[in-house]
């Protein structure tokens, strides 16, 4: 069943090589003569483009295989081999990873293309593309890795790139702090991941530590250990995919350039957690408790982030909270063992959220880096392409029927119902309504009404084609991606779920028409209510509301950042201060210092005897001799 | 019998000389009294058949070293005013005797363990120049050379120390 | 000629060092001679590493009697435990000669002596030989800190010397105890490692001797709470010396624990392993947390180094194959990454004449290559996958979890603690706004580039393809683990049983 | 008889010690030290006679040589002392006072 495919490794390797070349070029030239941006742009896009072609090739090669045998493998070399621990640098392509592969390379390539326009003129243009390439390489490694440890390499690699790109405008300390926050919070999650795979290894890793061997021996796993592993891995996922309580970094991560937000913090990296849990579906199905915890954390995150999203004024932060919220949906899905629904939402979300971010980027670009929605307004005329593409994106996100987001979200809500989790379904429904509200709140305020700032408005211009073409392509994806997994209710065949099924271990409850209708009806109602409220409030005249009470509290994100600051960051810093100012000099160094003091005191005491007179020293000597003689006489009985 | 008498005689003289050394106030008197001790010791060496040592004791110690000391004492022309005040002398002496007690007893006890031996005069073949020389230049050659170096160093040192002109002033 | 490889590597630098000290040479000539000899040694070391086959128990073994009546031999050789430490020691030292200009030739002479002594201590197969080289190692450090150090060098020198000597004396007492025990059990005197391992040691005496060895090595590593000399000494020492101390000498401490303590005192070792492991973990957390608020760049790196040494030492005490391999691997990984960090810091110090972090900023804009090298070394030091640091830390954490879950989890926090201070440091030094000082910063010169970049490449290579290193460690590590697992009833630490409770 | 010689040697040695600790005059102290050397010499010569071997004599010779060297240096020091301080008091030297 294993197929050795020699080109799998090239998929991450090509962007990596691109990153190296670009990075060296940048280092070599950034002081002297500049290399033209075009060269950087072309070099930067080659890697992702070939990777995209290879991804398509992988997809068709898999498709040619029999169902159930759709696995392509490449073991390049033995990576770490210590005792029972045998890890090879191996790549695995199966339906799940090939799907991820397809949209990661696709969206990645488009965003590279878009960045040529967005970043034009930046003095670190080359560096940006190097980082972006490196990110893509890490992400592809994460997706293609044949075992948890190889995945972890990509996992941390994307974290690093995220850090580098968030703090890209590094002259402003705030951006760097945001980058640090992202990296550190991710690291907290990574700790969970490392501990999780360590426990997993001691549980069932002795027979090979890659997904295939693990899946084969998964049933031998001790249930308690299984729960521990699942929860620890989920901790890893909460870090990377911004779930409660580790979501705090994602909104701050918007400090990076907008294409970065689109690629990393919306479409690809943040969904890695969902992908990871789907990867480990063979573990999670054995531990339903872990799944339930994940589902609840996910749906609560969705709710919380949606509430925050309603009150934001920064266009990117609105989208960021929306991302957190959508990720919550995905976790709710994978928690309920509806892995294919979750992955499908990852897939559609990548399109429409990337689209929204790139659209937002286009707006920001047009307004010379103004991100406050209350300073925009009426941009419909000035930015027609952006307007229409954003509209499709917004409709998809809000869950308008027949747009991609509708189908994937509906699939998740339906699974909640089908698995008997009415409460999760209900919260999900509320979140869907809120989503529709805040999406269109943003949309109306930005594009409709009157310009809030006339001077900005006058200078606004539509973006160049290199930016709008990706927008259009993504818009097409956002509209039609949903049809790939059309449920039976609408006469579809759940193509994506079907495609994914060999990679996933999941239970499909028998579809019942009543439940499906309930789910679909609920979703439509939520969408209509959400959009209509948004229209009533902001549709024609957008005025900045003044928040009070609960609203003010929500605008300040329930003070969670401040709470974390007060509970963790400040005490940690005080602890550090305490150690280096008090404990280090006085407690751990104390014994040493007291010893030194003892020596000094005894020196003072002995000083009395040092009168400096030779004769007195002779007397000491004689006295000593005398005492020694006395003792000798005594002891030797002479 | 004569030897015993001679021993007691010279022994007494040497002790008296030593007592004089530590009791006389003026160093000149002490030195003269110390010469007596040295000469008595030389005679005792003779009684022990140490002919060479007897001679050297007289020549080097009683002769050279002591005359050097006397020369210096006289050279410095020490008057009563130059002498240090030594008020606690008797107190130190008394204390010293108490402190020395155990040392003396220990040494005495240690010597007791030696076998008794005769001290009758040995004629040829002991203590002469030839015998001492044989041993000195065969078994003790290295220490001998080292001592010679020591003497050289002392010589140079003495010249440097005593010959120092007060340039700095 | 290659039979005497090790002897050449020990005495070549030692003799060169002494000759440099005695001859009235200029410091430039001393630097050139030192660089030449150390590069030769590095090449020999690489050849040794390439020729080393893991199957042989002791390779390049040589033995000549020195004091036959006491069984003291000049006995040297390398095995899987020492090969990597040796490699690190010889390939890193040339960098100091190449990178730093000192005014006095004595600095270079001392460095040479240090190199010879360190190689000697690593290669020694006889306890007395080891002790001798171990003590010689301290001398050049003493002079280098005391003569060429910073403002508070005298206090730092006294602290490190007294501390280290105190440990060494305890070790010497233990060595004598071992020899006497061996003599009483077999009737002959011997100080050879191979014969001492066959000793059956029980009772209080053995425990005390164990503690004697352990304290000496714990001071050198340094393990919490014996680390207090480290921040002062590292900060006050000239950067080249700090580099030698952190990158090599600390590793020799770890190596010595594996070499001398584990095989000789199996029983005591197993008994104290838990306490020692906690000491390692607590040291890691303590120093890592303390590093955060340091204002002095060097002092922060010093604490960082101490923090990582805690983790490295932990690997020994976990008593399983993964952790031990991780430790041996991490010895190289940490030496290269921390070494490069210290060297780059030295360059900053040389060019800007300040180590105060607040005075720096924006270095990355003027010196992208410099920043990139620093970033790679920093990421290796925080254990990012793809760099050498990850392999070692991952293996150690993996092993620690098997040994004791609590220790494993605490050890894992190194991932977070390290990142906190390192990123903040990176932010304040390389990012943010430039100031007048940093605007003048030059990027790496050609010589500096060819000195540092190979090590950077090694860091990445070891992260991506660690197997050549692991293979050379493996047989020895397996043998040592076997010694311990035979002795230890550590079964109750394993996960399955803990969970069963 | 041998024991009597040895006893004499002990007595002289003890008198030498007494001289050193009770007197402050440099010359007396110096000569008291010489006295102790001589007492030791007497012991050597006596033991040499007892064993009928020449080693004791050689040692005595060495001691005399050392004494001579010492005399030369010590007297030089005394002259210096007298030059600087104008006194012969050992208690004037107290540079070692802690």
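By letter and in written order, the chains are A, B, C and D; residue numbering begins at 1 in each of them.
One rule holds in what follows: a residue touches a chain if its C-beta (ideal position, glycine included) is under 8 Å from a C-beta of that chain, and two chains touch if they have at least 3 such contacts.
Just so it is clear, the model here is predicted, and its values are computed rather than measured.
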- [ ] Can you figure out the chain closest to the middle, judged by Cα centres?
- [x] C
Task: Cα-centroid distance, chain B relative to chain D, in whole angstrom - done: 6
Task: Euclidean distance of C-alpha centroids - chain C vs chain D, Å - done: 57
Task: Centroid distance [mean C-alpha coordinates] between chain B and chain A, Å - done: 97
Task: Approximate Å spacing (C-alpha centroids) for the pair chain B, chain C - done: 63
Task: Contacts with 2+ other chains: residues of chain D - done: 17, 21, 24, 90-91
TODO: Spell out, as numbers or ranges, the residues of chain B touching 2 or more other chains.
DONE: 92, 96, 100, 103, 112
TODO: Identify all positions of chain A at which a residue touches two or more other chains, and write them in rising order.
DONE: 619, 622
- [ ] For this structure, give each pair of chains that are touching.
- [x] A-B, A-C, A-D, B-D
Task: Residue ranges of chain A touching chain D (in the complex, touch as defined) - done: 606-615, 617-619, 622
- [ ] Would you mind writing out the residues of chain A in touch with chain C in their complex?
- [x] 23, 26-27, 30-31, 77-83, 85, 89, 149, 152-153, 155-157, 160, 163, 167, 170-171, 173, 176-177, 179-180, 183-184, 187-188, 190-191, 194-195, 198-199, 201-203, 222, 224-225, 572-573, 575-577, 579-580, 584, 588-589, 592
Task: chain A-touching residues of chain C, taken from the complex the two chains share - done: 159, 163, 224-225, 227-228, 231, 286, 289-294, 303, 321-322, 325-326, 362, 364, 366, 368-369, 372, 379, 384-386, 390-391, 394-395, 397-398, 401-402, 408-409, 412-413, 415-416, 419-420, 423-424, 427, 430-433, 443, 464-467, 470, 474, 478, 494-496, 499
Task: Residues of chain B that touch chain D when the two form their complex - done: 3-4, 7, 11, 14-15, 18-19, 21-22, 27, 30-31, 34, 37-38, 41, 44-45, 48-50, 52-53, 56-57, 60-61, 64-65, 68-69, 72-73, 75-76, 78, 82-86, 89, 92-93, 96-97, 100, 103-104, 107-108, 111-112, 114-119, 122, 126-127, 131-132, 134-136, 139-140, 143-144, 147, 150-151, 153-155, 157-158, 161-162, 164
Task: Complex contact set, residues of chain A against chain B - done: 619, 622-623, 625-627, 629-630, 632-633, 638
